[in-house]
Amino acid sequence: MASVLIVYATDYGNTKAMAEVIAAGVATVPGVTATLKTADEAVSQDINAHDALVLGSPVHMGSPDWRVKKFIDTQCSGVWMRDTGVGKVGAVFGTGSGFGSAGGGIEVTLLALLNNLAELGMLLVPLPKNTPGYTKGGLQWGPYGRTGDEKLNPIGLQPDQLEAARGHGANIARVTAAVAGKKLLGG
Amino acid sequence: MASVLIVYATDYGNTKAMAEVIAAGVATVPGVTATLKTADEAVSQDINAHDALVLGSPVHMGSPDWRVKKFIDTQCSGVWMRDTGVGKVGAVFGTGSGFGSAGGGIEVTLLALLNNLAELGMLLVPLPKNTPGYTKGGLQWGPYGRTGDEKLNPIGLQPDQLEAARGHGANIARVTAAVAGKKLLGG
Amino acid sequence: MASVLIVYATDYGNTKAMAEVIAAGVATVPGVTATLKTADEAVSQDINAHDALVLGSPVHMGSPDWRVKKFIDTQCSGVWMRDTGVGKVGAVFGTGSGFGSAGGGIEVTLLALLNNLAELGMLLVPLPKNTPGYTKGGLQWGPYGRTGDEKLNPIGLQPDQLEAARGHGANIARVTAAVAGKKLLGG
Amino acid sequence: MASVLIVYATDYGNTKAMAEVIAAGVATVPGVTATLKTADEAVSQDINAHDALVLGSPVHMGSPDWRVKKFIDTQCSGVWMRDTGVGKVGAVFGTGSGFGSAGGGIEVTLLALLNNLAELGMLLVPLPKNTPGYTKGGLQWGPYGRTGDEKLNPIGLQPDQLEAARGHGANIARVTAAVAGKKLLGG
């Protein structure tokens, strides 16, 4: 058995909806389970109790929501200090209005989240472009739920985005099942 | 009189077309001129002979075209070594197919170009969101000519993108006119 | 008269000390004043009331402190929405233990802060390498107060770092004086 | 049997020396072999013939050497187009003078290389902080051979850096052995 922890913040429910779809994708892989927590409720012991950590956030001014950052500063830092995340699996996803028709800051937002996972010593799962839904649903770092058109009008999560998120969950689950409990990284 | 050097590489002519529109935008500001050079032909003396450096590139695998990188490695590095770019003005732009509907790597590509300009000690001009054309034509770091739809079908440069590029040129020219010849930065 | 707002968070006083030195550097330029506020107390009206915004943060897991991010999410976002920061001046600085002898995450931390300033439409002031103190005191994006050795032992702020911070303040002030009140960017 | 391809460019031999040490680290893991190629000689078929791709570069103006970028643009792009790198293992390393005492641009350089590997759909191996040699030998994204002091005087590769590089090779080899030939990612 392997388990995946998904931690997110949500403003209008879109990031929560994506987190749930990723969890559903995880659950399609036999022997792997998913747990959902908000950034406000997750603690460092939750990270220690799972084999993978998936972080999701709305884009705010080109970087993660401050509640996710608070989780990173106050909970992930202790995991970093004690090396208890080393060799686990990490992945990310995001949502945003996409203002400007060029991603709206999603790329640097996902990099900030991945940076934290890299510091924890986790294997990072990207979103391969042959993952179903990719063409409208994401970028190389993870799925992206763009919920607005170029004029900031809300359009909600699109089917392709949810499909990419589901595929991301399955990808993460397969990697986690392959490496959980093995001591592959570090000293 | 102030002058702007625009250095770019182009695959199918789109980046060249954007460079020309930015030059046209520069020329709308009285007293400021623009010079266009490809990354293959520009040399360090060209940088020294102008008050601003604008770099443009197609996105290739999430970072600038290798010809632009060669220009940076072989020509900008000498300017860096001698501090002759300090206090000048820098700005960037890019083009790409936009595969994936989330920018297709434009954000990290423009950051790589800006990184070089920051190392040269240049004042960096972003693309404010109230620049005409922004909503379809760019991101915070500069204009983006997305020339494909989400399935990689070519659609060419769009009018809004060219408008954002023109506005970027005018923004750059106004900043260059305001700071050229003043010793604002460094030791 | 031109004025610079410096917003920071601090854990042990190092980031506060750097903020104060930057303010002292600003004050060396005639006609430019500096105001210091913590990320907890600064509000969007403070940004609107000044000609430049300088953001400083400790590095936490490779990105800015969550209190700075909260300021960005809750205060800068309104400035972004109304374009009231466009054409102002922006700059950044950071502190950290520097664990790992390769910057300890300062580069991506400063980029996250600059990303916010770029979204606000601000002219970005880098740290030119001929700014006094640079060789031990910073990187291209701004001064860096590395307060630990490679084993995380605290060593405090170093004289070269404070010199780079002071020079950064003077650089920012000169740029602010040159562009304040002019309408150089945007629509 | 699993195999790792290491592709690098070198100026004065430091990056080559690090590549060789990483290869030696790979070889400490039974059943995993390493192949070394320069960026000038490696082609897309080499990537297809191995289970992992490790990219190494000197830092030049805050991003990878143009020869590595040319390899990415001309060879990795075909692998991307055909999805033949999906689910393989990717990792990075770098060298540089470290000018400025804050990494000298290594962080964004390694991110640019990782960006390419993420676009190829590869599992990314970070450098956990409990990898021997980390405290002087690297950062979260990979080992860093800082070969100069803060005044750009050459000091050569340090023992801790080589130890971190060797551990990185072993980490990469163990991950590659665990996932090679399994279809974990993509559609």
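General remarks:
As written, the chains take the letters A, B, C and D, and residue 1 is the first residue of each chain.
Here is the rule we go by: a residue touches a chain if its C-beta (ideal position, glycine included) is under 8 Å from a C-beta of that chain, and two chains touch if they have at least 3 such contacts.
All values reported here derive from a predicted model rather than from experimental measurement.
Of all chains, the one whose mean C-alpha position sits at the greatest distance from that of chain D is C. A comparison of the B-D and A-D interfaces places the larger number of contacting C-beta pairs at A-D.
Chain B and chain D have centres, each the mean of its CA atoms, that are 29 Å apart.
Averaged C-alpha coordinates put the centre of chain A at 24 Å from the centre of chain D. In chain D, the residues that touch at least two other chains are 62, 80, 105, 108, 111, 115, 118-119, 129, 140. Residues 60-67, 69-70, 72-74, 76-77, 80, 105, 108, 111-112, 115-116, 118-119 of chain B touch chain D in their complex. The touching residues of chain A, when paired with chain D in their complex, are 80, 83, 86-87, 111, 115, 117-119, 121-132, 140-141, 167, 171, 174-175, 178-179, 182, 184-187. Residues 62, 98-108, 111, 129, 134-140, 144, 146, 150-151 of chain B are the ones touching chain A in the complex.
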